[in-house]
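In what follows, subunit A forms one complex with subunit B and a second complex with subunit C.
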Partner chain A sequence: MENLYLAATADSPEVDFRFDTHELALKGESYPENAAAFYGSIIHQLRDYLAGCGDGTTITVDVALIYFNSSSTKMLFAFFDALNSAATRGVRVVLNWHHDPEDDTIGDFGSELHDDFTALEFRDLPTVS
Partner chain B sequence: MTTSLQIMSGMRGFGPAEMPRAANLCRPVPMVAPTDTNATVRELFDQHRELISLPVVDGTRALGLIKRHTFQSEMARPFRQELHEHKSCVAFMDGQPLIIEADTSIERAAKLVADSRSNALADGFLVVRGNDFLGVGFGLDLMRMVADLQEAKNRQIMQSIDYASVIQRAMLHTSQELLKAELPDSAMIWQPRDTVGGDFFLCAKFDHGVFVAMADCTGHGVPGAFMTLISSSWLAQALERDGPADPAQLLGTLNRKIKQSLGQIGSRVAGEQSDDGLDALFMWLNRRDRVMTYAGARMPLHVLHAGAAAVTTHETDRVGVGYVATAVDHRWQNRTLTLQQNDLLYAATDGLTDQIGGPRNIAFGKRRLRDLLVGCRDMPAAEQAAAIMQEHGQYQGQHRRRDDVSLFCLRVQ
Partner chain C sequence: MAEHDLFEAEESALRAATDTHALDSLDAGSYRDALGALIVQFRRLVRETRRVIVHSDRQERELNTLNARLTQLAAELDYKAKHDPLTGAFNRRAVIELTEAHLRDGTLALIVLDIDHFKRVNDEHGHPAGDAVIVELVARLRTVAPEHAEIGRVGGEEFTVVLPCMELQTAVALAERMRAKVAATPFDMPAGCTVTASFGVSHTPSGSTFGDAYGRADQALYEAKRRGRNAVVF
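What follows is the complex of A and B.
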């Protein structure tokens, strides 16, 4: 299937899903006026892609978000939930969680994801940008 | 010499109730008939220095537009004047100018002009009603009208939102007054990002104490404000019916009511279903027993006990109120806290802690908030709140405000 690329805007993140090399990246900030509309088709395409991934596939997900509002948070949960479901049926999913080491908000959110989506290989990556 | 020079009716003004149309763009311009010669056209262009284009009209039917620059450059070429001066003016006419029907909306007309291949923005366009010529419109007038229209629309929307803010503030005012009277050493900051917002608070007085709720509804701006009205009226009703002593139950009631009133129960077509709700912290300050019972949905309580060195953050349940993913019978958990004189209690919506800023472009964060609280613990609550908001504003700096911000501070008496 075709790769998905959306450039970042002031209130939406850069989406760089390279389905052909199994590398997915989200970067920037997320507080679009209508988060469901923004993430709807992204998650739809992700699900289609995951449906075609068999055992033995390793998907690398790089997330470097510095801000997301509550409605985006719900959509991000749907995103990680889809990945987690794939991981429970044998796809290997590595989640690289990038954040500033001083950013406790993003750091804490990462820990919550780690607790909630246990099938993901979570890597906390506090790096100074 | 006969010319069919006529002056068309002037541009008509339009009242606020009347949507302007392409007909309103018609300028009073001279026009010529196909029987008129190029000499007449030249004279008209000489007489009317501001004239960009001249319409050619046969009876009531528009044939085309003679554009000044095309006409003049054609006539300037060798022998052209001698050859064409006494011939019909259609020679240098653009026979396919942009034609716009009189009843076309201004927005649509602007789109047609922008998309036209005949450079209608610079040269003008014909306005017709059916087959009848009405007049010539020009790009500059069109732009001015679009800008006025946009401004009028923005003004109308802003006035509407400003008034909505009067209503929203009135709703919060009662609680604000109650706080001042019942808990004098307390402060409630409410800062919507966009005039109105999705945060709200509600305070109510009971025989043995005071109930304080802080909530952050999904979204901000107008949709957020809708949510605050729905939520706070359901909460007020539930409080009246069940009393303040069981905040967890109140969260449960609000959850059910929101899901019912927004139809977030059962299956609906995806995308059409509302998936809205709120994060909240409900606090029942029982002054008689000096105990606080509180329950929260994704909103922590910060406590700085008298004599303690640091702030303790009590996380609450990680389940939001009212959302599709929250079960209709979900039960939140009550927690209790013994209150001692000079204990400090704080609640804030995530707009405060998640604001981006500072030298590293990262969120303000809970740690920074906690350190700040310790630093200003000796001030009265109102001064503490002001100091925190000032620090927060400095941290935000040139960054955009990301969300609505609310903060509650209370010193226990």
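What follows is the complex of A and C.
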């Protein structure tokens, strides 16, 4: 299936899903006017992609979000839930959680994801920007 | 319903539960399964809601902190935009704004003063000494000025005192006290020299401009210089 690339805007993150190499990246700030619409179609394509991934696949997901609002958070849960389901049935999913080491809010949110989506291989990556 | 719904999963679970609930002839196992499915969704919803609220509360706290800092910085910037950094007196732009604001709905007396032979102070004692004289002069003006007087520094060694609604004679008397306060004792300098200033006073009716008030006071100041300085003219 075709890769998905959306450039970052003032209120939405860069989406760089390279399905052909199994590398997915979300980067930037997220407070789009309609988070359900923005993430809805992304998650839809993600689910299609995941349905075609077999046991031996390793997917690397890089998330570097510096701000996300409440509705984005809700949609991000659906995003990670889709990945977690794939991981439960044997696909290896590595989640690289990038954040500013000074930003405890994003750091702690990452560890909560780690607790909630146990099938993901979570890597906490505090990086000085 | 919108094409994409933030609560798509929850709405779908709710529909399924409602459908099952509407049927009264299913076996116990089917109801139990439906309840189980609802529990799974409900548990997820509670967990996610908890996370969202904690996260958004934290972000809100951070925003409040930033907002307080921003308000403080805006106030500092506003102060800096209106005040002379050396003396803390109003700067020229602020003096013009204050004067015009007062003249919109009242009369105003304006004192303009200039330090006599200030260039000599700078030349003989250096610029830091000149700055010290300016600071001390404003401090002396403040000890004499009434509370509502607005003292400004409009040029290097030129100052104004804006006096809303004050009569001309009262302002002239005040200028005289200021002149005496400046000339009375030597300034705190190594050489301990006496500093004097010349004063011009104007009275301006409501509806006039800063230019009117300043122009006439400045003319009077020029006359005070011409008469030999250390004087008040109106």
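The definition used in the following text is that the second predicted complex is superposed on the first by the 129 of 129 C-alpha atoms of A that agree within 3 Å, B and C clash if a C-alpha of one lies under 4 Å from a C-alpha of the other, contacts with A are read in each partner's own complex, and residues count from 1 in each chain.
Note that contacts are C-beta pairs under 8 Å (C-beta built on N, C-alpha and C of every residue); 3 or more make two chains touch, one makes a residue touch a chain.
These numbers were taken from a predicted model, which means no experiment stands behind them.
Novice: Return first, second, both or neither, reflecting whether A:A10 touches subunit B, subunit C, both chains, or no partner chain.
Specialist: first
Novice: Scan A:G40 for contacts with subunit B and subunit C and give back first, second, both or neither.
Specialist: In the superposed model, A:G40 contacts both subunit B and subunit C.
Novice: Contacts for A:E102 in the overlay, against subunit B (first) and subunit C (second): which applies, first, second, both or neither?
Specialist: first
Novice: Of the partners subunit B and subunit C, which touch A:S71 in the superposed model: first, second, both, neither?
Specialist: both
Novice: Once the structures are superposed on A, label A:L125 by its partner contacts, choosing first (subunit B), second (subunit C), both or neither.
Specialist: In the superposition, A:L125 contacts neither subunit B nor subunit C.
Novice: Tell me which partner A:V94 touches in the superposition: subunit B (first), subunit C (second), both or neither.
Specialist: neither
Novice: Go through the superposed model and pick first if A:E29 touches only subunit B, second if only subunit C, both, or neither.
Specialist: In the superposition, A:E29 touches subunit B alone.
Novice: Intersection of subunit A residues contacting subunit B with those contacting subunit C?
Specialist: In subunit A, residues 36, 40, 67, 69-71, 74, 105, 108, 112 are touched by subunit B and also by subunit C.
Novice: Over in the complex, which subunit C residues touch subunit A? Could you list them?
Specialist: Listed in rising order, the residues are 2-9, 47-48, 51-52, 55-56, 58-59, 62.
Novice: Quick check: in the complex, which residue numbers of subunit A touch subunit B?
Specialist: 10, 29, 31, 36, 40, 66-67, 69-71, 74, 100, 102-106, 108, 112, 129
Novice: Could you pull out which subunit B residues touch subunit A in their complex?
Specialist: 216, 218-219, 271, 275, 279, 318, 320, 323, 325, 350, 353-354, 356, 360-367, 400, 402-403
Novice: Okay, in this complex, where on subunit A does subunit C touch?
Specialist: 34-37, 39-41, 67, 69-71, 73-75, 77-78, 105, 108-109, 112, 116
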